[in-house]
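Paired with chain B in one complex and with chain C in the other, chain A is shared by the two complexes that follow.
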Partner chain A sequence: MPAGIVSYGVYVPRYRIKAEEIARVWGEREDMAKSLNVFEKSVPDIDEDAVTIAVEAARIAIMRASIDPARIDAIYAGSESHPYAVKPTATIVGEAIGVDHQLTAADFEFACKAGTAAVQACLGLVTAKLIDLGLAIGTDTSQGAPGDALEYTAAAGSAAYVIGRDDLAAEIEGFYSFTTDTPDFWRREGMPYPEHGGRFTGEPGYFKHVTSATRGLLKKMRTIPEDYDYAVFHQPNGKFPVRVAEKLGFSIEQIEPGLVVPWIGNTYSGSSLIGLAATLDVARPGERIFLASFGSGAGSDAFSIRVEEGIEDIRDRGPRVRDFLKDVRYLDYAVYAKHKGKLRL
Partner chain B sequence: MRSVSIIGAGCTRFGERWDDSLRDLVVETGIRALEDANVSGEEIDGLYVGNMSGGRFVEQEHIGALICDCAGLSRLHVPSTRVEAACASGGLALRQGVLAVASGYSDVVIAAGVEKMTDVTGGVAADALAAAADREWECFFGATFPALYAMIARLHMHRYGTTREDLAEVAVKNHFNGSKNPISQYQMEVTVDKVLNSPLVSDPLRVLDCSPITDGASAVVLAPTEEAKKYTDSPIRILASAQGSDTLALHDRRDITTLDASVFAARRAFSMAGLEPKEVDLAEVHDAFTIGEIVAIEDLGFFDKGDGGRATREGLTAIGGEIPINTSGGLKACGHPVGATGIKQAYEMVLQLRGEAGKRQVEGAKVGLTHNVGGCGGTAIVHIMSR
Partner chain C sequence: MSTVPRFWRHIPQRYNLVGTHCPKCDEYYYPPRAICPNCRRAAKMEDYRFDGKGTVVTFTTIYNATDDFKRQTPYNLAIIELDEGPRLTGQVICTPEEIEIGMRVKPAFRILGKDGERGIIYYGTKFVPAEGSV
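Let's turn to the complex of A and B:
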């Protein structure tokens, strides 16, 4: 029994700060944006957090496929910026979108890949026929310490996927995960900003895990990069996904439709799932998409996805990812600092 | 005093050795050096290890006992000593080993160097390295190592007409050499343009003027020259081992465009070896920053003061030039695991003098010099060796 994506929704706050503005404040080199291939990043409004943007994305996902929220039996919300240390994000989202209360729900955390972990959890329950529909969310208003390299990319965005067996927009043909204990990036309890191992986050972190998960899935599926029309690799910046795609034998053309990080930044748990949504926005039935997330700590979930006829029915019933790149408002560093709560009064 | 020779040498690949600990690096290089020297552990009666800051980099002190343990020699209770002179720790370990064998106190000695630097973030590593400068009179006022060497560069440029491009030529040459060295951290060549457009660190020094953060270890085995042939057909004889000191802080120096410790150690070494600078076929010098190499080739007597930039620009220090400098790639391209660098210089010289340096071989190399500096010249160590 095939299972997969019944609907999807994305939300990205409309505020932006340019990398060059951050570089100006910290006296960093002018070509910072070019070196990261991230020119601007999204910034949440003053009253937005990982919950509110998750609600926005979930509402779009529900609306896009005209789903009765009461049919949703599970909500898993992945984030590394849950507003509450204790108290779930998933329950707030559930109430906001109007689920009935026969519902299982929990929050996930796995740095940038908690969203794809939520997809896997829903897929398991759906495939086992323990539930009919599950809502998997990746949502973050991520934190970057002032002046840290991460501040140029740590952005806000959310993606919500309804996972089920019927009326599929895309089938998830299979997945393969690769997980190790690798301390490349972390935030201790009570600390406002994460720390990271600098260059250690690259080769032993991102590249090792994404390449291992990708090669593992290609082997499991007996596919090669050319079998896919599109590919999405987690986008911590604009360079890593391009480099890992080249290394693995995928082309720039395959990843280009999903590569939105230069204009919204790294939306952490939302990142690879927003890239997938941008790809679903343009993919045609029968086409195949390769997706690999990455979460520091560290792990990567790779998915083989086949687009179904259902995509044509739902696609235009909600905003596309690229709609969120239009009509943006730019903030200077001072107002951005206020939005992000960096000013402690 | 007995004549001392290097009977074997080993080195790890230099670079970001994420999967290897300080111990792994020590074991890897130790095995290579012992195999190369064809000696068994039971024959070793002394160890010296250069290590700048195990405490800061991997929270491990007592490196002397550690390497003895790693070498499997703890049950024989072989004396093992860690020496520290910041970035000259390796050179100093070699010198201590030479003195031990020369004096007759020891017969077969391992001189090693190791540094594991990538377990900490860049900021922690930079601060650990800054401890080689004068913490109270330099670091507390904001000076970092690149800043101190940038001041040397500025005055050198002002006084002698050394150009920004001359500095870049040092990096271009050393990256070229490094690209021919299998243990080198950087295997890629760079252009003058690339150096000039790399991010600014401390004006006029840019990223590609600076040596990197590196993991690595290196070891050589020393024995009395009269017994060296028992172990190897190609011993490398130590003709001179010299050391000089100077003020810790740069601003207390007579002249910041000259490292007087290097001048002192070089004069001593040449006098001990009975040689002139022009009789040296090649040298490994301390290019932690590109300006460091230009100053070094002047201080060591290879070129007149102020002429180092021109000599580099004209290719006199390239392989095939008048005196090839840093055939290994130097600290710049081969990498700079601070405690290991001084021993790696000796390792490179052993390969060159044996004629085993492959694509970077200096034809007919007979006499080589190694020059290792601690901080910005508080310590300088010079060795001259020949086949």
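Let's turn to the complex of A and C:
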């Protein structure tokens, strides 16, 4: 029995800071925007966090397909910036979308790929017919230490997917994951900012895991890159997904519709799922999408997705990803620091 | 800030603007009322979830706030008339130059406050301009 995406919703905060403004404050001579291919990144409002933006994305997903919230039997919320160390994000989202309380819920954490892990968990329960609908969320309001390279990309955004068996907008045909113990990026309990192994971590981290998961899934599905109309690879910056696509034999044309990182930054657990949503925004029934997430620590989840007729019924009933790129507000570094809590008032 | 049990009891009305409706006189209430003041015991109230669209009736902009809200200044506090009739006080998220009487607003899920560094985070409904926002 096929299972997959019944509905989807995205939320990106309205505020942006330009990479050149961050570089100006830190006296960075290198053209960071160009070298990262990230020109601006989203910044949460002062009263937004990973929970509030998850609620906004989930409400859009519910609205887009007129889902009865009582049908949702599982909520898994993936994030590396859950506001509470103990107290689930998923329960707050459930209450805010009006579930009937007969459901299971938990928070996931796996750097930038907790959202796709949540999709897999929902897909398993749905496919086994243990639940009717599952809600999988990737949400983050991530922080880079002031002056650190991560500060140019760490952004805020959320994506929510309703996973089920009926009225599919897109079928998930199969997935393949590749996971190792790789300390390329971490944050210890109680520490405000993450640490990372520097630039060299790209090869053993991102590239090794994304290429292994992608090649594994292509082999499992007996497909080649040309069988897909679109591809989405995790977007920690604007360079890595382009380079990994080339390496794997996917074209710029395949990844272009989902490549949103130059304008919103790296939304961590939201990143590859927002890229997928931007692709669903334009894809037609019958087309295929290849998706591969990446989370430091490290792992990659690859998915083969086929767009179904149902996409036409739901697509225009909620905002598209590109709607969140319009009418943005730019912050200078001082106001940005206030938004991010970098100034202790 | 209210105590944790009090906040918990009010979660449905804070997160989703759940009020009440009197089927007899067709009056809507927010915050919810157990008994309709018009009909008293002659009517049985029902729960009603407002979709949160409304109009700014009047507003004030706060420039000086207590420590808990200092980071948010300046912010707009408004009386909003929901389309079904009830009026409530809420924060409207836009600049002081943008807010005006008669402005159409819609709800947004935001942090209302935090109980210091260690305490609970209070989530609930604020408002954003209905035009120009996604």
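FYI, the second predicted complex is superposed on the first by the 343 of 345 C-alpha atoms of A that agree within 3 Å, B and C clash if a C-alpha of one lies under 4 Å from a C-alpha of the other, contacts with A are read in each partner's own complex, and residues count from 1 in each chain.
In the analysis below, contacts are C-beta pairs under 8 Å (C-beta built on N, C-alpha and C of every residue); 3 or more make two chains touch, one makes a residue touch a chain.
These numbers were taken from a predicted model, which means no experiment stands behind them.
Once chain A of one complex is fitted onto chain A of the other, the partner contacts of A:R29 are limited to chain B, with no touch recorded for chain C.
In the superposed model, A:N37 makes contact with neither chain B nor chain C. Greater residue coverage of chain A by touch, when chain B is weighed against chain C, goes to C. In the superposition on chain A, contact is made by A:P204 with chain B only, not with chain C. Within the superposed three-chain model, A:N266 lies out of touch with both chain B and chain C [touch as defined at top]. Overlap of the chain B and chain C contact sets on chain A: empty, with no shared residue.
Across the interface of their complex, chain C is touched by residues 11, 14, 45-49, 51-52, 55-56, 59, 83-84, 92, 95-96, 98, 319, 323-324, 327, 338, 341, 345 of chain A. On the side of chain B, the complex with chain A involves touching residues 16, 18-19, 118, 121-122, 199-200. Residue ranges of chain A in contact with chain B, taken from their complex: 29, 195-200, 203-204. Per the touch definition, chain C reaches chain A in the complex via residues 11-12, 15-16, 49, 70-72, 93, 108-112, 121, 123, 126, 132-134.
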